[in-house]
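Heads up, the next two complexes both have chain A, just with different partners, chain B and then chain C.
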Partner chain A sequence: MIGDDSKSQQQRPHARQGGASDRVLSFLKAHKALLIFAVFLGVMPVWAEPIASTIHLDIVLVMRLVGVFTIAAVGLNLLIGYAGQVSLGHSAFFGVGAYTSALIAVKAGFPVWIGIIMAILASALIGLLVAPVLRLKGHYLAMATLGLGIIAFVFMREMTWLTGGNLGVTSIPELSLPGVPKNDISEFYIVWIIALIILAFCSNLVRSRTGRAIRAIHQSDVAAAAMGINVSWEKIKIFMLSAALGGLAGGLYAHLQGYIDPNLFYITLSIQLVAMVVVGGMESIWGAVAGAGLLIFLPKIVETLPRWIGPGVPKPIADYSNYEGIVFGLILVLAMIFMPSGITRGLSDLVRYRRSPFINPFKKQAVE
Partner chain B sequence: MVINGSGNGMLLKARGLTKVFGGLAALKDVSFDIREGMIKAIIGPNGAGKTTLYDLLTGIYMPDDGRVLFHDREIIGLTTHEIAALGIARTFQTIRLFTGMTVIENIMVGLHHRTKAGMLKSSLRFPAARREEAWMAGEAMRYLDVVGLEMQAENLAGSLPFGQQRLLEVARALATDPKILLLDEPASGLNTYETRELGEIIYAIRDMGITVVLVEHDMGLVMRISDEVLVLDYGEIIAEGSPESVRNDPKVIEAYLGSQLD
Partner chain C sequence: MANGLANGCIYILLAMGFNIIFNSTGIINFAQGEFAMFGGLFAYTFSSALGLPLFIAVILAILITAAIGGVMERAVIHPLRHANVIAAIIATIGASIFFKAIGFLFWPNEAYKVLDFTTGNLSLPRVTVSRQFLWVFGLTILSVTLVYFFFNKTKAGKAMRACSINRQAASLVGINVSRMSLYAFILAAALGALAGLINAPFAKYSIGLFLGVKGFTAAVVGGLGNTFGAVAGGLALGLSEELITGFLTIVLGVSTGYQEAVAAILLILVLLLRPQGILGKGIVEKV
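== the complex of A and B ==
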């Protein structure tokens, strides 16, 4: 599936011209992997619902969150993986999106979707306002964005007249479309339809003129400028898009959870998002899906393990609840040691070059 | 080739360019003209200020003093991408290809400022954006053809052998549709055969109506193809003129003492 994606990526420069049917055909060809994935998601509730109680894990429920984090991670991957600008402050955009959408729905009483659109716009605007940090490079940019994330967190906590402070915002209406029953499965479909559109959009973007420009900036900003690319403006645009996607994800998240408070949008969220990008695979649209899937599912699976075994589990293990942190840390460490290029890169290397996706960090390297 | 307002055929005029790095003058009061349609070589020992001169002309550094007129328009103070869009393209002494992108994508980056599909239009694959994309692919192949890399179009730029990477940089610079092309040691690291081929390519570029400026250490190539040679030493011009006159200039011979001008 991933191998197909990279092949079609190479064929892509020779874009096809022609009638509508031809265009549909070329779209289907270009997004083969996306379509297979869409079908997989489409039938998921059919098989996942019945087994949910047997494995003590409601797959559909978790998959809604995977969809949300996929959107945020793919936006962050555009910035980190493609444009090479590390942001450790994306929790800010996620949080701004979540609060904007939640407050517009709860306090102002507007429909959910107006709130979500406003969430996108608000985060993009914040992205534009803080865009001057993009003058910084490398670690300096990472530190500055980390600061932004913390500042946003403080605002969310301290602006109690608006955000409710540590009490958060409660009874946020769920995602719904007119004429569609409100339940987990319909929310699952809504989230993933949006996520698939975003994935298609981003995979078009990275192969387009803008995508080439940001990849060029990543590899040599001097050469990119000498080619006539307005480096700072391209960086600002991709930063705003990345922020907007973070805001969209945050908005959806607020409505899925029904409750938000500032602690959900602390630095840990930024780190989680970066981890999704890195573990999933930098410079890879599918990396966002893989990263979000792995980092959300594995902790949940580990959490349910004691329940699988049943009453025989020793009490301390059964009572311990913070498996998420342990699993998250383990994934990060193991991925960096054994699969530093990320899941999707590792797998596409396996398919294309028949090369093992794992590296042996203890093997002696030839001196260059 | 349209000459905009420069009646005397001078494409680029530099006057009194000075650049000081931490007390050390990399360039001191450098003035010269570049006439349209010529191949002009800039030579000089290492550290003479050749690359610094390029960096000033392309807006990477600001000079401490001096002006540069391109088509009678002041370009000092413009940003690098604005200068590139006006028609000054360059290559780099240390190759700066986009190594993780394919050969054809590198050229398409060069076509960036000649195209205009925005982020939304190209991501939503509007017909206009798709047409432009197809045009870019065709145009890019044309430039690859100039340097003979059309067979490598889908390979990663970083996987090319060194000589081909140099040629790809030239093609990428050409794709920006320049009036003037600044080559920074294009023959360094090339073997004799590749250097001869490079000479042919430079002639072909001049015949496309593009003025070529060449910073180069390979004196055989310089003396063979240039119309005019400018010699820099310690940031100052010590000689300027035809290859023959420069070759016999006592100051130049002194600057190159120990090395041979053949």
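== the complex of A and C ==
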């Protein structure tokens, strides 16, 4: 992390002096991993579509959702991983985004993309309105945001005149661009182009002044304030950004699914998002991708396992929903105990410092 | 009104569970509601399904849930005793999801009827209350008294309070901090189980999160870590839920579904306006 910082600072003045082509070149240099990932995604439909029926799993279809949850998880990682503010209420922003976008498209009849922009704005606005909870710390903040999630859920369910209550909103138009055929593959590309832009933006953000400020707040907000950082404003900014990304993800999700109801945006969603951040890796942009990928793919793979094995699997085992929670709960607990820095941090530390991924780099000092 | 009081009693029991664990380990146990779920479902299984006498069923349910609490402390909390707050939060959330899934696996139905301790109503001058309500009330008072005496009169209780004040100093004077944490989880799980099994009439696998949020709200409203605060917070929450919902439905004519949001709104307001709770003392934070 520190090595990256100094490198980008060395490059930046150079990039500013140079022309447009230099700037593009330095951007590409700074985001090599992102480019490799983009190429990997670009060719994914080519190899994934033909094998979809053989392995009973449409990877492209699942990857659309991974893209959506990556956006939400990267936003939440800025808040939890970088700024150290735990939010258990991101289902609220996700839900607000989904409902805003869906209702603008379905009831008001506006184009999809206007709905999605409004979703981002609405979530950021809600984020600003509830920003006073950022005064709280640790458990208290977690519980207060959990309360926000519950309140948002209750309002989504009870404001039937607007949201349709438990019946939800149906026949939401799908994502489309003019001149592009409407199908799963084009949706996959749209979602991932947005997700990659967000990833590039966030990996730049965490190396910027704001990024350093929020990491300072994570260490100690008193020390950060003493260094001249406006702690409450930085927290509000990052919270609003995180909320806006949640809203964007929610908006995309509504159009991908074509149907939403309040139960999709219950606290379990918040917990899933937090799990993506934590299991993927805190303080890591790639952690969000890894976490979203793992937690979205895992249930799908377990669901298809019986089909790979054949018809001999007993029904209670074949029905994944029976023990989904057991697997999920165990992953959370075991990840916290054995790999508290998450998959990406654990593996990169293994490579970079030859350190076991099972050591906790965030371990508290014995003497406080 | 009696309904609000009965709910309040259940919130008191849950809030005390939160307090005990918070005091001895400094973490909030998100699985507290799941202890209540286990209490209710075990009581159902032993009394209605296996046909044991209700008294024995209740004792068994509490003991088994207490054992689950102890196992959870050893398996989840003990390895994380040096970890940071976020890790502890996520781990207890993971435990709560795990417990809920176990509940769903063994008790997949929507709801199970737990028998009343004694059925029927009791007619007092002017009011009629159900006998179950008296049981709820009596058992809550008994538990609060026992917990109070435990913390103030017994050696183990005093040791636990010492841990809450300063864990390092406590361990320097010879208190086994890690064992105190184990005792705290066992005690909190037992209280949670009691709350769950008197939470008549129904027990179901999905009740945990709902009760957990209510219990935490009660603990915060009263002042986190304070036994009598839990009593005040639980009663305040139970009654205000009843009153506010009544006000919303009768005066404003909106749906009762908003009741679920009352506790959450109260929680946020108290956290923002009076974070030390009704009975708490001011918090001074050292840097």
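Heads up, the rule we're going with is that the second predicted complex is superposed on the first by the 332 of 368 C-alpha atoms of A that agree within 3 Å, B and C clash if a C-alpha of one lies under 4 Å from a C-alpha of the other, contacts with A are read in each partner's own complex, and residues count from 1 in each chain.
Assume a residue touches a chain if its C-beta (ideal position, glycine included) is under 8 Å from a C-beta of that chain, and two chains touch if they have at least 3 such contacts.
None of these values were measured; they are calculated from a predicted model.
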| item | value |
| --- | --- |
| Chain B versus chain C as contact partner of A:151, first or second or both or neither | second |
| First (chain B), second (chain C), both or neither touched by A:275 | second |
| Partner chain in contact with A:212 - chain B first, chain C second, else both or neither | first |
| First, second, both or neither for A:237, with chain B first and chain C second | first |
| Touched partner set for A:204, first chain B, second chain C, both or neither | first |
| Partner chain(s) touched by A:222 [first = chain B, second = chain C, both, neither] | both |
| If touched residues of chain A are counted for chain B and for chain C, the larger one | C |
| Residues of chain A at both interfaces, chain B in one complex, chain C in the other | 220, 222 |
| Touch list for chain B against partner chain A, complex | 58, 60, 79-81, 84-85, 89-90, 92, 96-102, 104-105, 108-110, 112-115, 117-119, 122-125, 129-134, 136-137, 140, 154, 172-173, 175-176 |
| Complex contacts: residues of chain C adjacent to chain A | 27-28, 75-76, 79-80, 82-91, 93-102, 104-105, 168, 209, 213, 216-217, 220, 254-255, 257-258, 260-261, 263-265, 267-268, 271-272, 275, 287 |
| Chain A to chain C touching residues, read off their complex | 80, 84, 86, 132-133, 135-136, 138-140, 142-144, 146-148, 150-151, 154-155, 157-158, 220, 222, 267, 271, 274-275, 278, 282, 322-326, 328-333, 335-337, 340, 360, 362-364, 366-368 |
| Of chain A, residues touching chain B in the complex | 10, 13-15, 17, 27, 201-202, 204-205, 208-210, 212-213, 215-216, 218-220, 222-231, 237, 241, 283 |
